[in-house]
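Two complexes, one shared chain (chain A), two partners (chain B, chain C).
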Partner chain A sequence: MASEPPLLSLRNINVTFGGVRALKGVSFEVRPGEVHCLAGENGCGKSTLIKVITGVYRPEAGAELWFDGKPVAAMTPTLAQSLGIQVIWQDLALFGEMTVAENIGFQHAVNGRFGLVNRHAVQAAAERALAKLGVTLDLHMPLKELPIAQRQIVAIARALVGEARLVFMDEPTASLTQSETDYLIEIVRTLSASGVAVVFVSHRLAEVLEISDRMTVLRDGELVGVFPVEGLTQSRVTELMTGRNFDNAVIASDHDDQPVVLSVRNLSRHREFENISFDLRRGETLGITGLLGAGRTELALTLFGMKPAHSGGIEIEGRPVRFASNRDAIREGVAYLSEDRLSLGLNQPQSIADNLVMASLDRILSGGLISLTRKADVVRRWIAALGVKIGTPDDPIRTLSGGNQQRVAIAKWLATDPRILILDAPTVGVDVGARAGIFDIVRKLSAEGLSIILISDEPPEVYFNADRIIHMVEGRIRAIYDPRRMSLTDLEAAVYA
Partner chain B sequence: MNSLIQRLNATLGADMAGPLFALVAVLVIFGIGADNFFSAATFGSVAFQLPELGLLTLAMLLPLLTGGINLAVTFTANLAGLAAAWVLQAHGGADASGGAFALAAVAALATGGLAGMMTGVLIAYTRAHPILVTLSMMIFLRGLGEFLTRGGDVSGFPAFIATIGHGSLLGLPVPLLIFLACVGLWHLLLTRFKLGFGLLMIGSNIEAARYSGLDTRRILVLVYTLSGLMCAVAGLIMLARFNSVRVGHGESYLLITVLAAFLGGINPFGGFGRVLPVFVALIVLQLLSSGLNLMGANQHLATALWGVLMVVVMAARTISTSFAKSRKKT
Partner chain C sequence: MRRFVLAHTTEVALIVVMLVLSAGLSLATDRFLTLSNAFDVLNVSAVNIIFAVGLLVVLISGGIDISFAVAASVVQYLAVLALGVVGGGNWALGFLIAGAIGLGLGFVNAFLVYRLSIISIVATISTFNIFFGLLMFFTKGVSIYNLPDWLTTRVVFYEREMADGSWVELTLPVVVMLICCGATWFLISRTTTGRKLYAFGDNPEGARRFGINIGAMHYISFGWLGLMAGIAGLMQAHYAEEVVPNALYGRELDVLAATVLGGARLGGGKGSVIGCVLGVLMVSITQNGLNLMGVSPFAFKMIVGAIILVAITLSSARLDKLLPAFARARPRTGGPR
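Right after this comes the complex of A and B.
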């Protein structure tokens, strides 16, 4: 296999977004029919690389791109499609109201003669594609009635309609159960056996190691290396991806002598989470981890007063509280850093200064009016305290890097003088280097007595930064762990089981 | 030249550049082209005509900044004027006292505020698009007003009311003084009030505002209520200037208010904008129409030129932004 010429080969790929280098001199290679894993943490450049390969982004001068032994001068989405390069994004981009056949064959539908839809061609194309996968599905079933795993099959089948030779799958198993994942892995094997190369992007190291032939690891926009999967262990891959080696100390310590700040009892919300109970003490960092759909964010939004609980109770410093809105929660000293920084956490078009004071306006009033000098003082103080790198406070916050934006978002909540800070996926879209900076801030805050709830779907983040870890599965607490009494591998095994 | 522009931008704000440029252009063109342009008569007519359009524009401004719109401004003004007219008539018509007028003003403000509040509640709680809600409100108010007046005028007010519409104080027309006070109030609201801060945040991302603890529903209700109150002020000024109230008065101003706001650098999608550039833009529009009038041009031609001006300013803005971007890169 090693002697075969590569199907796709890229060299010296550089991409820069607004001063941030997303890819630095990266090369990448896929052989015909292989299953290749593209690994790396969030924000390492995986998606950017895929978008370069499919012609969405243009790399800087000096880049080389070869497909099937021929140089490609300028890749475009149309050209990528005609070469047989397909991407199945995590959100699948399917049409819920349309049938299975229409979803698979819709390109045929759109390209029909005279702009008309040829139903027979659509159906035949769908049948051929499914046959390649060795799967039968009811072609007339509306897509929204299928379970997620089968929708995934539909997305793959759609990619195959266009005579695919190279298929990218972005986190295809993120929302699948174990048996569904096994089924998908079988499908990928069938595909690879029929000569289609598959590039797999996944966080779940166990399945990556099971399915792939080779692995390309990116870190911080740079190529770490290309490795044969045989002989790799999960911890070795983690080390390659993060560049840290995890003899990295656990910081967990006991807080039993500290007063309870937040007490949650049998908290439930229909279809989202059930019977959640825990205590959070002063200066303690409580990690919450679990897969997508475990109910983590929903629980956080309930604690923040944005989604009412249907039963159970919340006490803050011993007093029962009932939040009609997040304004009540903020008044009680609860702050919530949203997982969705782009559309919920920050007001992207507005200035750094306005974003920073948005949650604490009452504190900069003077005689009922906003005091511009107090506002400037608050902004200056927090920018300095959290080491945010900015031009001027009047610049739109969207001009900052992910890490600096996140610092401002944290500052926004610290300015409300909270007792409890809920951090929901605080490192999403933050460079690996900047992540450490964020966690340094978190540790400093907890040392100052702030109680923190740290939500993350990456087990290492809670393992190394929390005092205790709640593991949530399908809306319930599966277990509460002490990071001092288990290894990271144990935790990962439990979470991904 | 460039450094001069930069200094001006720094002191006045970048959004001031367009309206100021247009102002200078209009002054130069008419100064050369029209005889007697720089005369007391020209500025007198501008000063008296400006407040009606200006107050309605202020009423339109706040909803626009939240990313919404209030299509009911002119008919809200009419209805508020009607409420005032009835109070005056019930208290003696032409013989009504100053106290009756105070009562009439309160009735007008209550009517405008109530209409605005209803709009705000509908928008905030149903999340229906402001275009739909305010369009319904506009049709409702027009129908109601025409039903109540049978399509006719309501007139016969005490003589002192004409003073409010046509009189001067310290050499400045009274309507202009009222308008300037409202401009100052709106400026303060947007720069120093929590409400002003909140409505701008809502304009660029309402969900992010809500997640930060802003009471987005309350802000929306207040914004449309204030819009309605400002309509009522406009309605009172119109009552005083025409010495009568008629449903449909000022109807043609509706879209001009949107035009003036955009000319004043308001972001069409909400979230960004200031009062002062809008104020300058209003003066430009009024000068344009007075200047053409002076040259003997048809009034309809002035309206057409307002449209042309808008297109030119939009194009100039796009070109200057892309110019600024390309300079930044190199």
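Right after this comes the complex of A and C.
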């Protein structure tokens, strides 16, 4: 394989945006039919590199770009398409109201002869592409009716219609469950076996290591190196990506001497979860893990008063409570950090300060109006306490990195002075380096006596950060583990079994 | 069959509601269920259906337009004036002039929305006021009764006297309406431009990444509505045999409600000609029924509003929730198998 000429090869790529060098002398190479991982933290230049390859950005003079052994003087989006370079964007760019066939065959649908749609050509193109992937989907189903995983397949199939030779996948598994991810990995293998090279961009190191042949690592716009994946470990990759070393250790400890803050008894919600019972003590961090769809978020939303339980009870500090809405829950000291920070957790166009006080407006009132001084005090206090890196509090929150946004989202809830903080997938879309910072905050908060429920579908996150771990399967508690009495491998085996 | 029902939930629901309504009206009055009454409803609805299929194209491409009804009034006025200048003209010239002016007014909206990046509801509320304001200012609210003879003479394509002495008539507005429906159907579901309009309304960013000409999408959709509004304006002048500057004022909301009732999505990317037609007919049938039942016209608006609410609730509620038998056809969300 090493003697084979590369399909794509770039040398000496420099890109500068407004004085900031986004890529510094980067080279990159993809061999025919290989699965190549492009790794690096957010802002390291991965997407800039993809946009150079697809002709969206023009690199500075001195750059060399070769495709299939021939030099390419100036790449343009149209040229990239005709060479068979396809990108599957993270947001998929599909059309929800159209059918599966129309989405896959869209290129044919908008390029028919005499400006007319040739429905047979569209349908045939869709069938061919799906056959290549070895998948059957209902071609007439409107796309919006499909689960995310199948939409992903549609996006891949659409790339294949253009006779793809090189496919970029940007975070394809970000919203998939484990079994869906496995399925996608199978698809990628099929693609690669048929001679299509795949470049995989993903935050999830486990699957990257499973699927790729080689890995190119970028850091701060520079090439760290190209590594064969065989023999690499997750912690080694993290080190390469961040330039730092993160030592993980189990932090679990006993809280039996502490008072019970939250007591859940036989809580059930029709078709979502059943018979959930546990106690949460002061200063304890309780991890909840399980596959996507195990009912974790539904349980959290019930504890937060957003989905009523159908039976069972909740007690807070020994008093039975009934939440008619999440306003009641917030009054009782429950806070919930949503799993979907981008669309639900933060109001992106608004300022950092406005986002931060969003949940605690009634605490900064003075004579019924918002007191700007009290607001500024609250903002200053929490920005400092959580170490959020900002320009000024009046900047829109979308200007912050994922990790810093997540800190503001946590601060928003801490400002409500909660007793119980539910963190639902707090590291989704957060860099490896910044994740450690989030968990440092979690540990500090629990040391200060806050009781935390930490929900994650990544077993290592709960293993290293929780005192006890609830394992949920199909809406029921399968087991409660003590991380000190089991290995991470055992936990992973149990979760993925 | 099940697939058809799932793919055309709104249309099927509307037909069901219309059948129920018609059955009720047939029992309540003996005039409702006659062929001549059916043709009456069609004649009365023709202008609104022409408006509706034009608006449909704008809605599909993700926009909205409030100004088309007063634009049609402007067209009526300018067209009649222009026809006077050329010495009367004929139908061909009438359609040409009305269509061209309508197209031009549509392009004004497209320009505001695309070039100046004003969101379409604000842009068209502005042009609604500007068009109407200019019209009232220059006409001082005076109507034109002196129309060319060809324009006011009824054109009947088919007529027949029924056994009960009533007449069945197929008139020009209905024929023009059918042509407009056919043309719009062809545009949106058979041409590549139509696919692009749906794609653009559905996911503008996705469409942009496919290299779809976004500017063209704006001009085509608002231009098409302008063209339809021009034609509808001419038909309304023909039907009313006069041009009254504020005759169409307020029509935009009736048409918008009927179009959305027919399944067009305000967010873009969805809607069908047949849905549009059903939406308009639904409202017309209600009004017609109320008329025949001798209900006070003052109560019409109230009842029509209520009917729209009921129909839209039924058609937007997922059919599988109303009829569990259809639920099994849906894919389970979850595993990729």
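Basically, the second predicted complex is superposed on the first by the 250 of 497 C-alpha atoms of A that agree within 3 Å, B and C clash if a C-alpha of one lies under 4 Å from a C-alpha of the other, contacts with A are read in each partner's own complex, and residues count from 1 in each chain.
Operating definition for what follows: a residue touches a chain if its C-beta (ideal position, glycine included) is under 8 Å from a C-beta of that chain, and two chains touch if they have at least 3 such contacts.
Every value quoted in this text rests on a predicted model; they were computed, and no experiment measured them.
Of the two partner chains, chain B is the only one touched by A:Pro349; chain C is not. Look at A:Phe106: by the touch rule set out above, it reaches chain C but stays clear of chain B. Between chain B and chain C, the partner in contact with more residues of chain A is C. Once the two complexes are laid over each other on the shared chain, residue contacts for A:Met98 go to chain C alone; chain B is not touched. Applying the stated contact rule after C-alpha superposition, one finds that A:Leu369 touches chain B and leaves chain C untouched. Contacts of A:Met358 after superposition on the shared chain: chain B is touched, whereas chain C is not. In the superposition on chain A, contact of A:Val473 is made with neither chain B nor chain C. Look at A:His140: by the touch rule set out above, it reaches chain C but stays clear of chain B. In the superposed model, A:Val20 makes contact with neither chain B nor chain C. Considering their complex, residues 77-78, 89, 91-98, 102, 106-107, 109-112, 115-117, 138, 140-142, 145-147, 149-150, 153, 177, 179-180, 183-184, 293 of chain A touch chain C.
On the side of chain C, the complex with chain A involves touching residues 3, 7, 189-196, 198-199, 202-203, 205-207, 209-212, 265, 269-270, 330-331, 333-337.
The touching residues of chain B, when paired with chain A in their complex, are 188, 191-194, 197-198, 200-201, 204-205, 207-215, 271-272. Put simply, chain A touches chain B in their complex at residues 306, 325-327, 330, 336, 338, 343-350, 354, 358-359, 361-362, 365, 369-370, 372, 412, 416.
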